[in-house]
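Shared between the two complexes below is chain A, which pairs with chain B and chain C, respectively.
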Partner chain A sequence: MEPLLQIDNLEITFGRGKDASRAVDGVSFCVWPGEVLGVVGESGSGKSVTALSVMGLLSRQGRVTGGKILFQGKDLLTMTPETLDTLRGVEIGMIFQDIMYSLNPVLTIGKQMTEGMRRHLRMDAAAASARAVELLTRTGIRDAAQVMKKYPHQLSGGMRQRVMIAMALACRPKLLIADEPTTALDVTIQMQIMQLLRGLQRETGMAILLITHDLGIVAELADRAVVMYAGQCVEEAPVHELLTDPAHAYTRALMQAVPGLHDSREKRLYSIPGRVPELYGDIRGCRFAERCAYAADCAYKNDAAMRQIAGKHYSRCDLRGEATLLG
Partner chain B sequence: MAEPVLELRNVSRRYRVSGEKSLFGKTFDAVRDVSLKVMPGETFGIVGESGCGKTTLARMIMCLERPSSGEIWLHGRRIDNLSESARRALRPRFQMVFQDSGSSLNPRKRVEDILREPMLYHHVGDAKQVDGRVDALMDMVGLPLEMKKRYPHEFSGGQRQRVCIARALSLNPDVLVLDEPVSALDVSVQAQILNLLRDLQEKMGLTYVFIGHGLGAVHYMSHQIAVMYMGRVVETGPSDTLFNRPAHPYTKALLDAAPTADDTLRNRKRVELSGEIEEADGEASCPLLPRCPFSRENCRHDGLTLKEADGRMTACARILELDGKQACGSTF
Partner chain C sequence: MRSSKYRAVWQRFCRHRMALVCLIILTALILLALLAPLIAPYAPQKPTGQFYQPPSAEHILGTDKIGRDMFSRVLYAMRVSLLVGFLATTVSTAVGVLLGLISGYFGGAADKIIMSFTDMVMSFPYILLVLVAAAIFQPGMWSIILILGFVDWPGVARLVRGNVLSLRETNFIKSDITAGMPRRYILFSEILPNTIAPVLVYATSVFAISIPDEAALSFLGMGVQPPTPSLGNLLNGAESLSILTGKPWMWVPAGAAIVLLVVCINFVGDALRDAFDPRNS
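== the complex of A and B ==
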């Protein structure tokens, strides 16, 4: 089987000369047809810029300085803008965190919903509108016909995210890129949206590239996950394996630094010391070393390359089976 | 038993909704009939989704807003009806830390001046004592002394929140209202701030009101918790009781909706709420009625008063009746 999306040794740089900062530094991963791949990381890990670069949406300061992004075997980076345009919104859909600014405030939902279908699928107004109503209904919007006539500000956050999802699915994409799709929503609404995404994914068989800072969301939705830290992938594994037997020191620290629902005051929370490093110049060795509780006698400090540690489990270091960290 | 440090008695806050043309205008009740007691040296956690009234409640405790009805007492003294000057005199006793550390620090002032300001305003000692106190505060919140000459933008989010905490502590308050103090921070930094707050509480005997939407963090911080929905407290009690054996369907739904990396919890039976927040018909109706999977006829006139059930106060004990274990709800 061929991967749907293959990111190969991707490098993204912001700024120039002395100020150049490599936000993404040699990132590689694949999204297979029909799977949900979660990419987890904190701010500055490079997860969102990676997603944006797939859609060719990097801001002017950021540019791809190395690597390949292959979609169904074709390199998106060398494609003409016209060809890219036929992929974007048709084969690849995207939903964003920012539900406030991702919809045009002066156009009705109906107008925005049908725009893509009319342009890419050459549907006439009536057919596009009928399909839009059908899609909105499918995302759980009651009286979709009424919602078509409304403007974004008349809808709640949860409704707007449903509209965004319906819009992204309009042309039946093979890949949906979801960048923090539920971060701006309240928890009970967040759960509804997660269930919706999972239901739609099972129904249509599309693949989802899910970008999030929340390991919990990855646990709920993804089949496989990539953990990013300071512009690199540090661990990649099937979700169950990642959560039950994390190998990388950062993954382990991250899991223990989040208070669980049923952890009471009795147990002290582990906190990762320090902060994410700045990404200027050439950085050698393990990027997590200075914050790592295991760094003292670490065999991987100088050679922290990604390596296979079990079947589909890759990591830059291997601490499986080590005792848990104490606060 | 010790006296509560802070007590709210039947506090409500009603806002007039602007843009309404009718003669009397339309009103919105942000907080409705909330009563709670905060004991000394403890953390009282308040959880709820956006619009549930938790921030309005915090603002009323801080006297930034007056209740439309009800009373707020601090150390046995009623504070909600104080004059401006009396409130100012009392201010050193209770302080607040906000979610957005970036916008709650003056960008044109050095951190040492930010920390000095409250002490100069309230005349707590001469210049030398104040300077000594600034250094002590920096140390207390774990910031290196040489950073005191810097401006807020030179700090990371976590460090800025430390400055806010230091400023709040500068006047030796005994009550600290923390409104989502870690929500804007990265996961790895959240734990640092939560642990710092707990250490300070232990060292100084501080009393916290902790408002948050991250349920794990609220549980980790709090001794007592109140769950709010549409301006009302629907369930309140010891945090372990509430989180491990919720009684109210909303508390259960909130806990069930929280995404978790814990593999053992992932396939738990969950209570799901349908739709989004909407007003229930009828004054006496349970506010959750339109969304609750367990609603019955009774809920139209019973679902507001808190009753004692299994060690906590709750407006509805449906989950306990249905028995949490053989569990209501469906698997996700």
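== the complex of A and C ==
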């Protein structure tokens, strides 16, 4: 089977000359048709930039300096904008984190929803609007016909995110890129949106590339996960395996930093000491070493290449079965 | 639903009492100007009485140096001045919006060239530029519209560019790009509607400036040419000291009309700015 999306040794650099810093450094992963791949990492790990580069959305300062992004075997990076426009919105959809400015404040929901369908699916106004109502209803919006006439400021955050999802699904994409889709929402709404995404994914069989910093969302939604740190992938595994038996020191640290419902209140929540190094391009060997609790007697410190440690489980170091060390 | 948004704008507008009064005066003046052919008692360019007559029942604002009815001339002059102001504003706003959109959205070389040109136009002594242009081209109503249109656009261009720069980074523009929408659609259907409110407010101030500018040019003989009356060339009569001191009906009405128009447009523009800002609700 051919992967739907294959990111191969991707490098993204910000700035030029002396100021250049590499935000993504040799990231590789695949999204298979119909799977949900979670990409987890702290702010600054390069996960969002990776997602944006798939869509050709890097800001002016950032540019891809190496590697390939293949969608169904075709390299997105060498495509003309016109060819790219036949994929964006049709084969690949995207939803964003920010619910305040993800919809144009001066246009009605209906106008914003139907425009893409009319363009890409060559529908007439009536057909597009009928499909928009159907999609909105499917995302759990009651009175969809009424909502079509409203402006974004008249909707709640959860409603707006539902509209965004409906818009991204309008042309039945094979791949949905969701950049922190629930981060700006209340926990209860988060849950509903995740269930909605899960349901839609099962129904349509599309693949989802889920970018998040929240391991809970990955556990809920993803089939497989990639953990990113300082512009690199550090671990890749099926979600169940990743959560029950994490191999990389960073993944283990992340999991300890998730509060448990039954933790006693007196217990201080673990946090990883230090922060993501800013100029990580120059670090040799393991990039997590300076924050790592296991660094003292670590065999991987100087040779932290990605290696296969079990069937579909890859990691830069292997601490499976080690006792938990608090830093 | 659209109406509810505009109702809120109207409510905020109404909180400015002064602006409301000005809006009424402005509407009345515009109506007077528009309906001049119906209201004016005499043809504006035909001598209909003795010259230099003070106001009387026959000629309520008196007559000018060749016996034309001043009231009729003021009405027609307002018509010309408002038309010049309106069209000059339209020209400069259209030019400014277009250049601002291109400059802000495409950036790079286009942005540099357009913004340098904008700075160049802005750095010229304004009235000098207008005078030179008026001296080169045939003076008249249409050339003054184009001249004023050309010198007033840089402000609009900068305003729109700034707006576009911030809009470009919003997710709804990014999601248009991810939806594979063409640039033309993104620029004109998504970005442009978001800049309309600030541009409209700015345009009122350009309008308010173009009226005295037209008057100044016409006063200096570089603008609207007699016998067509404009508020500026009516004031031209006040150049002589004896008229200035002894025959106030020759210049007070035209001067008052300019002041009223400018003050009212400015107040209305001010209130519009507040009304369009939803943070004031």
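Just so we're on the same page, the second predicted complex is superposed on the first by the 320 of 327 C-alpha atoms of A that agree within 3 Å, B and C clash if a C-alpha of one lies under 4 Å from a C-alpha of the other, contacts with A are read in each partner's own complex, and residues count from 1 in each chain.
Here is the rule we use: contacts are C-beta pairs under 8 Å (C-beta built on N, C-alpha and C of every residue); 3 or more make two chains touch, one makes a residue touch a chain.
Quick caveat, the model's predicted, so the values are computed rather than measured.
Novice: Looking at the combined model built on chain A, do chain B and chain C fit side by side or clash?
Specialist: After superposition on chain A, which the two structures share, chain B sits beside chain C with no clash.
Novice: Mind working out whether A:Leu169 is in touch with chain B, chain C, both or neither, as first, second, both or neither?
Specialist: Neither partner.
Novice: Given the touch rule stated above, what does A:Val218 touch, chain B (first), chain C (second), both, or neither?
Specialist: A:Val218: touches chain B, not chain C.
Novice: How many degrees, to the nearest 10, separate the directions from chain A's C-alpha centre towards those of chain B and chain C?
Specialist: Angle at the centre of chain A: 80 degrees.
Novice: With the two structures laid over each other on chain A, which partner does A:Thr86 touch: chain B (first), chain C (second), both, or neither?
Specialist: second
Novice: Could you look at A:Met55 and tell me whether it touches chain B, chain C, both or neither (first, second, both, neither)?
Specialist: A:Met55: touches chain C, not chain B.
Novice: Regarding the shared-chain residue A:Leu210, is it in contact with chain B (first), chain C (second), both, or neither?
Specialist: In the superposed model, A:Leu210 contacts neither chain B nor chain C.
Novice: What's the minimum Cα gap, in whole angstrom, linking chain B and chain C in the superposed view?
Specialist: 6
Novice: Can you pull the chain A residues that chain B and chain C both touch?
Specialist: On chain A, the chain B and chain C contacts do not overlap at all.
Novice: For the complex, give me every residue of chain C touching chain A.
Specialist: Those residues of chain C that touch chain A are 1-2, 5, 107, 169-172, 174-175, 177-182, 185, 189-190, 193-194, 196.
Novice: In the complex of these two chains, what residues of chain B are touching chain A?
Specialist: Residue positions touching the partner: 49-50, 156, 158, 186-192, 194-195, 198, 213-217, 219-223, 239-240, 243-244, 253-263, 265-266, 270, 272-273, 276, 332.
Novice: Which residues of chain A touch chain C once you look at their complex with the stated criterion?
Specialist: These residues of chain A touch chain C: 55-57, 59-60, 84-90, 92-96, 98, 101-108, 112, 115-116, 119-120, 149-151, 154, 164, 167-168, 177.
Novice: Flag every residue of chain A that touches chain B in the complex, lowest number first.
Specialist: 42-43, 156, 158-159, 186-192, 194-195, 213-220, 240, 243-244, 253-255, 257-265, 268-273, 275-276, 291, 327
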